[in-house]
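Right, one structure below, let's go through it.
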Amino acid sequence: MGARIDGRGAADLRLVTIERDVLDHAEGSCTIRFGKTWVMCAASVEDRQPGWLRGTESGWVTAEYSMLPRSTHTRTQREVERGRPGGRTQEISRLIGRSMRGVVNLELLGQRTVTIDCDVLQADGGTRTASITGGYVALAIALNKLIAADKISPSTLQSQVAAVSVGLVKEQPHLDLCYEEDSTAGVDFNVVMTGEDDFVEVQGTAEGKPFSRSQMDELMDLARAGITELFERQQAALEKS
Amino acid sequence: MGARIDGRGAADLRLVTIERDVLDHAEGSCTIRFGKTWVMCAASVEDRQPGWLRGTESGWVTAEYSMLPRSTHTRTQREVERGRPGGRTQEISRLIGRSMRGVVNLELLGQRTVTIDCDVLQADGGTRTASITGGYVALAIALNKLIAADKISPSTLQSQVAAVSVGLVKEQPHLDLCYEEDSTAGVDFNVVMTGEDDFVEVQGTAEGKPFSRSQMDELMDLARAGITELFERQQAALEKS
Amino acid sequence: MGARIDGRGAADLRLVTIERDVLDHAEGSCTIRFGKTWVMCAASVEDRQPGWLRGTESGWVTAEYSMLPRSTHTRTQREVERGRPGGRTQEISRLIGRSMRGVVNLELLGQRTVTIDCDVLQADGGTRTASITGGYVALAIALNKLIAADKISPSTLQSQVAAVSVGLVKEQPHLDLCYEEDSTAGVDFNVVMTGEDDFVEVQGTAEGKPFSRSQMDELMDLARAGITELFERQQAALEKS
Amino acid sequence: MGARIDGRGAADLRLVTIERDVLDHAEGSCTIRFGKTWVMCAASVEDRQPGWLRGTESGWVTAEYSMLPRSTHTRTQREVERGRPGGRTQEISRLIGRSMRGVVNLELLGQRTVTIDCDVLQADGGTRTASITGGYVALAIALNKLIAADKISPSTLQSQVAAVSVGLVKEQPHLDLCYEEDSTAGVDFNVVMTGEDDFVEVQGTAEGKPFSRSQMDELMDLARAGITELFERQQAALEKS
Amino acid sequence: MGARIDGRGAADLRLVTIERDVLDHAEGSCTIRFGKTWVMCAASVEDRQPGWLRGTESGWVTAEYSMLPRSTHTRTQREVERGRPGGRTQEISRLIGRSMRGVVNLELLGQRTVTIDCDVLQADGGTRTASITGGYVALAIALNKLIAADKISPSTLQSQVAAVSVGLVKEQPHLDLCYEEDSTAGVDFNVVMTGEDDFVEVQGTAEGKPFSRSQMDELMDLARAGITELFERQQAALEKS
Amino acid sequence: MGARIDGRGAADLRLVTIERDVLDHAEGSCTIRFGKTWVMCAASVEDRQPGWLRGTESGWVTAEYSMLPRSTHTRTQREVERGRPGGRTQEISRLIGRSMRGVVNLELLGQRTVTIDCDVLQADGGTRTASITGGYVALAIALNKLIAADKISPSTLQSQVAAVSVGLVKEQPHLDLCYEEDSTAGVDFNVVMTGEDDFVEVQGTAEGKPFSRSQMDELMDLARAGITELFERQQAALEKS
């Protein structure tokens, strides 16, 4: 098993950079890069509940994912021109939202809605995992402001959350697939974990040949190692301020 | 750990019944019941490729999932009235499609499109897993006709595919959750496997508390056992004709 | 004038079967078959008025009609994919709704909305008349429950309602056209009548040659006879419980 | 049975005026008034078939109906703002189209599409019957130009077509209902007839109490008399040029 | 620089005719013609504010512009069929609305909404300027009724407003371009002015060669002269009653 | 007339920064900042004409403008969720497109389409003028590559183009309004000019009090000075490479 397209080893992440506070209006924001993948993450806090929570003390955390038309190798038509978000877009938005909710105590959040917008500026594989990893940083910045202002309890943010993709490329497990690897991978997993090494989401798909239980186990190990590293990058970014 | 709402043990499937050839026009069809969950599955074969395959010899298998408005406990508005399929609908349609493609050799299928329509007549949890399990039966009927007519090779259908849900209810692993269990489950997995005991899809979500690696392992074991049983039901239905 | 495609005489209905209580959640339900035409009918009762009745004591009865994609000879695209219900779908939904309202005292119904969903599982001509005939059965089951629970007066359901198609095939009057007859019929009527032999709706269309007053009279006679027979099938189904 | 709101007898039409050639671009056009109801009718001839006729020698005649937002007593929202034509709009468009096709030999029309646009400038009941009656005038002007230019046979336009509403107001038959009458009528018929006194369409609806066969007969007689008069107005307008 | 297509001089308006009170239901209405361009203008007064003004004493004036499908040389598809108003339609609707608001004191209007509907019956260039010029007449009729009924102050309508197009055709300034001129003009301005000779809107576009400051000055002079003439036509129409 | 909110003089631009080549896939790209306003501009070159140019040798330049949901002070709903781009979005997209076409020789461009995507990352007034100014940089980078590759003539890009806003704030002319100034400005102009000091577009709107000819003249002078400065910033960015 030789070097990868970009020279990495099979268990290496791409270069990860997180720049916080890039937006003036948003309550929390960052840009995150996983190699050439580049996502703008913004957390917006609103003092209102979604309609279906009315009558409770609970808040909500939701997410919306979108790709700029020229984030892709060739230009992609804007979804607004087709009149609706595509299936993939909605699927990823829902995944990001669930991941964020996995580490927030919604009752402690109070009657608020936090929306995490993840807009992909450039796509090179792993846009959903970068979105979750960066979305957490934006979320944490926003919640930390509320905590600092004594509006919510410090226990509202219960843990850290990050995500990475792993897959079988030529039958071998690889971490953090770039677009070219992803499009040839036989099996592709997105794994979302919390700071306690527990899982929020595991989504594995065999694009070609189905995968065995032992292959799945190997991939889980690889993912955990990658996510541990991402937790450090998140911490470093959050400590800068 | 006592009996479940409906008296089953934690590792028991609900009553599964598959009735084949319920439609006169469709190339393949069945209704499938997982307890009160009831889905109409129809396979339509068309002698044309989707546009993006033009120029190749390959065919395509796709799926569409939908719920009748009164399949649910209280009536649900039709999605056509909102002008577009919801995120959940698209997500499940895509999952069924990928599951079917996991056992079909698209090149051997030739320049054809097979569409698997799964319309939920009644919903009581597990509609997506029932759809995959019944969808396979409709698919197999349709492909077997093409094979019998010498239009495609017998190798086109490469394996069997079925799906089941497993989850942690009160921290304990349970097989084939009904709606009431599903809505209180802390963790919910949908598992799709082939006749070779390999995975096509694994989708696990922590609705509440994140789950550990060992919990995941237990759930996978339970799913495998359930799917093995579903394979037998599919075989029995297909052999009836 | 010889026998018809399926051996029937010109004044014969196809085989009509009604199976009641097929759904667990719906307040009233049945499947109805007119030959190969097969419709799922569900009545949903909600304790709220439509907005435009607010301030009155009246209720409302409405209907929605839809065809499953593979109810037809070749697969039909789902209307949700085109973003809106087609003209024919809306026209039939409105017809079913008016027919149901023709036998319900909306003031006695109180501040409730009853929605009759007619989803065509298989289409072979006469889907709208089967929907009305089966829709009445679902409606009656639902209203009878409200009557039994003393929530509404027994006079709320004022009469029976059923519908049949009649048409000129090769210039001769025929009852209850199947798809193949319908597509060659020069004139096509849908007639909706109440238990008192009065009309709720008469819709006649010359697809080809216009029709004369005396032809119309003949067709009305034929329709009346057919509907009388349908009333008996409805009664039989309702009495089974 | 005293005089009507506007002083007419029960068997009287409102004042009917037809002004032809009001548009410079359209191949045929007129404005038609039934009392205060006022409709712009335009016939557009295009040298192309609809897609589904390709491969045949046939043409097609279709229609689109719409109401200006302030044609109504109080302003009505434009349907484009809701994203789609409403059910009533589509139903009427289809009725006008069928009525026009009832008097056109589509094979003699050749590979052309004629679109009849009926835009209601002001509505006071009977907009669909005025649209059909005026639509015929626009259609005839357009086809007569093609005939004069030797592009189609004079037999292409096979007959005249006009429409009128009749209804039971306080149980009595009335011709050509205005809005106020229409909104209190128990039974409402729209009748479309050809120059040979044959029917193209009969659509009768009981809004309240169902109607008997003999009431229907009376209404048909009234409609025929009204339509005979409308034929004369159409002729007079067409002869003016 | 010889005579124009229709014989006019470069500084001449086309024949302008305004017919007021053409609609029975609308609070104010007129048809306006600029040559063959023909627009129906209707003002609707509603006793409610738009949602975003709630809590204030202010009213609002808005406008909607649309073209009938056969207002154009060849038939144009209805925008409702595409599911949404096009960019040009929205742009013109917004321009008309701003122009009307330029002469109305919204606070004196009180908690009312006035909607100006401009529906183009026939298009031959200058539809937006005819719409503004006719829209003002409809607006003034409606507001004058409110003033006469002592519901609003006479100062609510602060000035007159009218609009005209000017452009460079073969590098020469021309007033009130017809369609054929407009489609060959290198530069096209729409100018909206008030009775005080002040500007509400200036919109100039170089379709081909950019224009100089001195060309712009010449065009402004030409527009002012044309608008002065339009003010007289508006006055004449308003005085007729 | 004292200093402005941000300390600038009335005739000062905000800090303008342009960073080129920020995207790897796009043929041309930059981010541009006018103070806190921040726009991502991407030029995509495709070797195909829009349908309506088929049969000619011409190419096309078009633009699409959009705002990220949290570019604004409080979060704005994505337009895709409403199913269509709003009127303002379409208006600005069209303006940017026309501005770009004002400096491109479309025949020399050949059978190509260039799409300029301007996605607003942060909005603080002047997003459309920043989009045009940055859009030109992205366009020039893309065309220069085609020129360098000998695919198009150096004359294809005929001039430079940039835009700035000017307005009357408290009756005084101000250059390059930020959001707070813009929302209180009585008159607001967007001016687009070419390198020859000619105009491509002039759009002036009186939000409150109409403006006089001499005020317009003053604003044009101010705009010209600002645009001259923007031309230098564009040049500087383009020379960096």
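The letters A, B, C, D, E and F name the chains in turn, as written, and every chain counts its residues from 1.
As a working rule, a residue touches a chain if its C-beta (ideal position, glycine included) is under 8 Å from a C-beta of that chain, and two chains touch if they have at least 3 such contacts.
What you are looking at is a predicted structure, and each value in this text was computed from that prediction instead of being measured.
Peer 1: Same or different: do the copies subunit E and subunit F touch each other through matching residue numbers, with over half of them shared?
Peer 2: same
Peer 1: Averaging only over C-alpha atoms, locate the centres of subunit C and subunit D and give their separation in whole Å.
Peer 2: The answer is 28 Å.
Peer 1: Rounded to the nearest whole Å, what is the centre-to-centre distance of subunit B and subunit D, using the mean of the C-alpha atoms as each centre?
Peer 2: Roughly 51 Å separates the two chain centres.
Peer 1: With chain centres taken as the means of their Cα atoms, state the distance from subunit B to subunit C in Å.
Peer 2: 33
Peer 1: Please set out, as single numbers or ranges, the residues of subunit F touching at least two other chains.
Peer 2: 83-85
Peer 1: Does the chain-touch network form a line, ring, star, complete graph or other?
Peer 2: ring
Peer 1: Where on subunit A is subunit F touching in the complex?
Peer 2: On the subunit A side, the touching residues are 23-26, 29, 36, 40, 42, 44, 46, 64, 66, 68-75, 78-81, 83-85, 115, 117, 119, 121-122, 124.
Peer 1: Can you tell me which positions in subunit A touch subunit B when the two form their complex?
Peer 2: Subunit A residues touching subunit B: 83-88, 90-91, 93-94, 98, 102, 159, 193-194, 196-207, 209-213, 216, 220.
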